[in-house]
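Paired with subunit B in one complex and with subunit C in the other, subunit A is shared by the two complexes that follow.
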Partner chain A sequence: MAQAVPATAGPRDLRRMQRRLLGCAFVAPAIAVHLFVVGLPALAALGLSLTDWDGLRLPRFIGLANFDELIHRDGVFWQAFVNNLHWTAVFLTVPVALGLGTAVMISRASRLQTVYRVVFFLPYVFASVVVSRIFGFIYNPFYGVNKLFRNWGLGFLAQSWLGDPGIALYSVMAADVWHFWGFDMVVFLAALQQIDPSLYEAATIDGAGGWRRFRHMTVPLLRPTFGFILMMTALWSFLTFDYVYVMTGGGPAHSTELMATWIIGTAVEARRAGYASALAVTLTLLSSVIIVGFLYLRRRGVEV
Partner chain B sequence: MSAPTPPGAKRHFPHGGDSWLIHLPLWLLVAVTLFPIVLLVMNSLKPDLAIKADPLGLPRTLQLSNYPEAWKTAEFGRAFLNSIIVSGATILGICVLSGLAAYGMTRLKLPGADTVASYYLLAITIPAPLFLVPLFFLWARLHLHDTLPGLILVYLAVFQPFSIFLLRSYFMGLPTELEDAARVDGCSELQVFTRITLPLAKPAFLTLAVVIGTLTWREFLFAVTLLQKYENMTVAIRYARFSGLYLTDYAQQSAGGVMLVLPVVILFLLLQRRFIQGVVSGALK
Partner chain C sequence: MKTLTAINRRQFLSGMAVAGAGLALSPRDVFAQQAPGGASVKLTYWIENPAAPIVAAIKDHLITGFEQRYPNVKIELAAYPGSDFRRILPTALAAGTGPDVFNEFGASYLPPAIDGGYVLPLDDAVRKYGWDKKIWKWALESGRYKGKIYSVPTAYESVHLYYNRDLFDKNGWKPPTNWAELTVLCKDMKDKKLIPFAFGVRDRVSRWDWWLTYTFNAYAGNYLLWEVLSAKRPWTDPVIAEAINRLDQLWQAGYIMDKQTSALTHDDALGVWSNQDAVMLMDGTWRLSNAGILAKNFKWGITKLPMWRDGIKWTPAIGIGEILAINAKTKYQEQALQFMDRFFWDPKELGQWMHKVVGLFIPPIDMKREDFVKDASPEFVNTHLDLIESSRKGDFGFLMWTSWPAQTSKFQVENIDAVLLRKMTTKEYLEKSQEIFTKELKDGLVAPVPEPAR
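Right after this comes the complex of A and B.
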């Protein structure tokens, strides 16, 4: 840390000083950009959440009135929150199980590992808009999968995939799961490949079968990876935006509305800067519950 | 199973072998994964009427004209130029900003380097809407709203935490002997950085460029919020608008979709190992 430079600073001390100064100069531009775009506006949102502001005139301080409105009179936001919880529940299970199961299978295969890895990860590089349109076609009531069902005499399976408030959210999720699960897979696969193979050989010699090796060796060794994936998935699930925005716009009747789509709509379309800030602050509080929960579990010694 | 393991075979699971029990489910998954992609490519090559008459039918006549038609209707020319500018500037800016920052944090005895790292760790947990709402109105004030520099500036900030941690862990893995030797030989700190460390870190920068380029190319939330005028839109946003207007013209819509994803898909297939490594790097440590 900062040490007083002796009066007779030798070339070494000069060098050290120079190095520190240069260090500050190296980090400063990045920090400045980040503070300007993310840090300071995020702080500003805290203040703006207490105002009534249309983005043009001066913000008017209204205390906690925005929070009163969002708690008592904004049913859509809470519907969106529940939808986000559904989203989180599905993404904490389906892509994780699919990704882990597939990664274990690929790591056991001695051929075609690269092919599998590339194919399963391919959807992840697709733009969400394009994935949304492909699934929009599959869900088309007349030309999509419904037509196939009818052709095969399974007309009773035909659904209004995006039009039925009871299933629309899950239809949208399916598109995102198809897009995303490969990410979990490559992370698990990379973690599996870091495990020392001799551990498995030793366990096998000691008579441990496939399931016991998986349950008592693979799973514990993958704990930190699980922790990372579950925490990031939970955080991302609270921020989902693209698929709902493109495929349903939150409809029908807000049945697919998510917190992010509702907040952006409130800011961009309704121009309610103050109220949208209050919604965003609430979203931040809700998602920080997840982070604090994870940190708590970690401190308690549960290795997640 | 007493035969010697063939060279190059993975020996993680000695009894694993290569039974159909492993490959059959994997091939089923391959089919499920590729089905929507094949459907997209097929639709892009069929006349729209043929798609509607027989959604799963193989193309009887290849209608390649869907492509130039979609390119023209969506006015992709300008959009591609915009996306190339945005992705190029973001890649360049991120490499410079994060490269400097990561080097400063790991090599230059920066006072408070841990605080900086904690700041970026915290930044990962900030939900985008929290800063995007004030930013949307701030950008309007600063005349950055609906401009490419305004969007690039946002990308230069939001991709920083990932980039800095990726480069930081790479720098920390590099041996310092060469740098120390260069110092003894009279190189200035700046020369050490540009002549010794940067050349050594080239692979990390290449990985970073590929991942950031892809993320920028397909980015949606910030672009759709901050770009309004048709001539300013990136390809992803232009495609969203165009495919929304031509919602039931699946031939054109699919051709446009293929053109949007093609550059990134080619890049991924060429550099898949590096690409996946880069994406995973944040997860394992």
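Right after this comes the complex of A and C.
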């Protein structure tokens, strides 16, 4: 004989269900908005990536032809991908090192700490377009920093900063690093201020020098902060668009092209919305690899 | 018999509420969209040039003149920068919020919108308003797609040589007329620590289409180029390859912006010309609008560009830089067509003010010297009279942004710097051009180009 099911739930169950429903009710608007502004367009992009849509004509289903072109015939996309990897590698190291080093120094400053913090963070509040324009002037081969070099007898340092395909990408990165590293510094500084000073005192009493304290205490205690910064930096690096768009437009010869600029160029200039959707889907997949990597590390117990 | 008193209070109040809500929600639309019976109509008109003097001139002359003749039609003008226009117009058309009448850079940009059903065919209007008798035939035909005319040309343009006359006079230089003279002149300028040509593409790599237009026309000549554009010769033709090699020679020698084309915007480059560190500009007729402002400290001149191959006579590359089209979804087709006709009313009336909207509005119609007002600059008048004469004789070359199919043009302008920077060979560049052109030809996206006189 089947076990009898209680006809009514107890008061505790009702309260639990009520709490769950209340939680769902609070989250529901956000989920609805998210589905509308992110979910639906994402699904549309996935569908459009299988078409030859140009934004105006009726889309025609072409299967995986866009992905075939992307993989086998679109050299610019792969150049942009490699450029994105370079960009990510630089941003995972240079601003992080600058930010951490400066944060450690500022945290030890007994005076003017707020002033330092403001001064170093200030570039981050400038609009990226403004920074791009300023660096555009600095890199002007006739009137910019080259003129200073020549006036100081250092003409050999003068370069075609944005015109030489060998260095143009790094010139653009320099502008973004200048703008961005203050953010890392502030995040590290906030994390450093959460560390209990008595730990350092104890280590000092035990004879640990500055380097050992930094290596064996500061760095491990900042691990969650590193995790956050590295993951966000990697994601942002793959989505970078503004600096390249304003400073070089992806040139010369696509040497500064990034995946995001190539997507926009393809969708707007070339009016290939279907193909641009395929590029966007691929970019999403590649970005997802980073997320999955971090999730994997977290499941393995690494604190990120 | 029912009388007004038969309406009860509830019906009266609900009626008033509906009417009030209608008026409150959309008062302008209620009054503006009563087309029949002489009530006013609001037509939206979008242009891709927000420069204040141009917008003012369009309002003061073109729109005011039209509204005086058609007092029941009001034109609402919206001016966008070119880069935004490329993005906004297709989106608005697709969303059903596009303008009634709009400019575009050229007929080659229209096919997707035409195929999407967003552009009104104009064949009947062409006959009704007699545009076929006013507009140059080849220019009008450039708006034809799949057998129908969808746009009318409202501005023609070309590329020319602008130069610093003071520096030319001081150094005893003469404007070059052929390749040999050009290269000797450029070398002399370089030896004197001057940059021969100012030019920059950092802000818009597709600006290479100016130099490519010059390159193809100057070396291939207009007829051979017509054969290539008409698929009678391939892009890999040795003459076309040599044209690219000549451009490469000029660039490698530093004659074009000292090889810094990718490091500077064209505004930067114009600044270099303005400061007299560069001597010449290879620029469009639209530059007539501000060449005098840039050359504030020196006298400037404009002349024909030298051809690069023996036996090739100078023919200006003429093309349509602006077209006008009507949204197929407009509620006011007749009024939109009347507004379109405004652009071709009377050459003498147009000549009074069209020098104020250089680059946006110079309709390809026959005009005589006496049609131009006296305060139009001689450079403006003479250049356009020359172009009118060339068009009449069929002595014209081809502008890239008018006569090239879209994807071929896009590939060529976006990759010429790869050739100049040794990232791609001329052979690869032309083979890929041919591959894209062949595909566009197969897809019916290569518009016929008018055959020039031999």
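Assorted remarks:
The definition used in the following text is that the second predicted complex is superposed on the first by the 270 of 304 C-alpha atoms of A that agree within 3 Å, B and C clash if a C-alpha of one lies under 4 Å from a C-alpha of the other, contacts with A are read in each partner's own complex, and residues count from 1 in each chain.
Throughout what follows, a residue touches a chain if its C-beta (ideal position, glycine included) is under 8 Å from a C-beta of that chain, and two chains touch if they have at least 3 such contacts.
This is a predicted model, so every value here is computed, not measured.
Shared-chain residue A:G250: touches subunit C; no touch with subunit B.
Legend: residue contacts after superposition of the two complexes on their common chain; A:Y139 is shown touching subunit C, with no touch to subunit B. By the document's definition of touching, of the two partners only subunit C reaches A:S160; subunit B does not. Touch criterion met: A:G55 reaches subunit B and subunit C at once.
In the superposition on chain A, A:F36 makes contact with subunit B only, not with subunit C. Legend: residue contacts after superposition of the two complexes on their common chain; A:A109 is shown touching subunit B, with no touch to subunit C.
Once the two complexes are overlaid on the shared chain, A:V268 sits against subunit B and subunit C alike. Shared-chain residue A:L295: touches no atom of subunit B or subunit C. Put simply, more of the residues of subunit A are touched by B, taking subunit B and subunit C as the two choices. Within subunit A, the residues touching subunit B in one complex and subunit C in the other are 55, 136, 142, 268.
On the side of subunit C, the complex with subunit A involves touching residues 86-87, 90-91, 93-94, 112-113, 115-116, 118, 201-206, 258-265, 268, 272, 277, 406-407, 410, 414-415, 417-418, 421, 423-424.
Note for the complex: subunit A touches subunit B at residues 1-2, 15-16, 18-20, 22-27, 29-31, 33-34, 36-39, 41-42, 44-45, 48, 53, 55, 102, 105-114, 116-131, 133-138, 142-144, 147-148, 178, 182-183, 186-187, 190-195, 197, 200-201, 204, 210, 213, 225, 228-229, 232, 235, 238-239, 241-242, 245-246, 259-260, 263-264, 267-268, 273, 276-277, 279-281, 283-284, 287-288, 291. Interface of subunit A with subunit C (complex): residues 54-58, 136, 139-142, 160-165, 168, 247-255, 268-271. Within the complex formed with subunit A, the residues of subunit B that make contact are 6, 9-18, 22-23, 25-26, 29-30, 33-34, 36-37, 39-40, 43, 51-52, 55-56, 97-98, 100-101, 103-105, 107-111, 113, 116, 119-120, 123, 125-138, 140, 153-154, 156-158, 160, 164, 183, 189-190, 214, 217-218, 220-221, 224-225, 236, 239-240, 243, 247, 250, 253-254, 257, 260-261, 264-265, 268-269, 272, 275-277, 279-280, 283-284.
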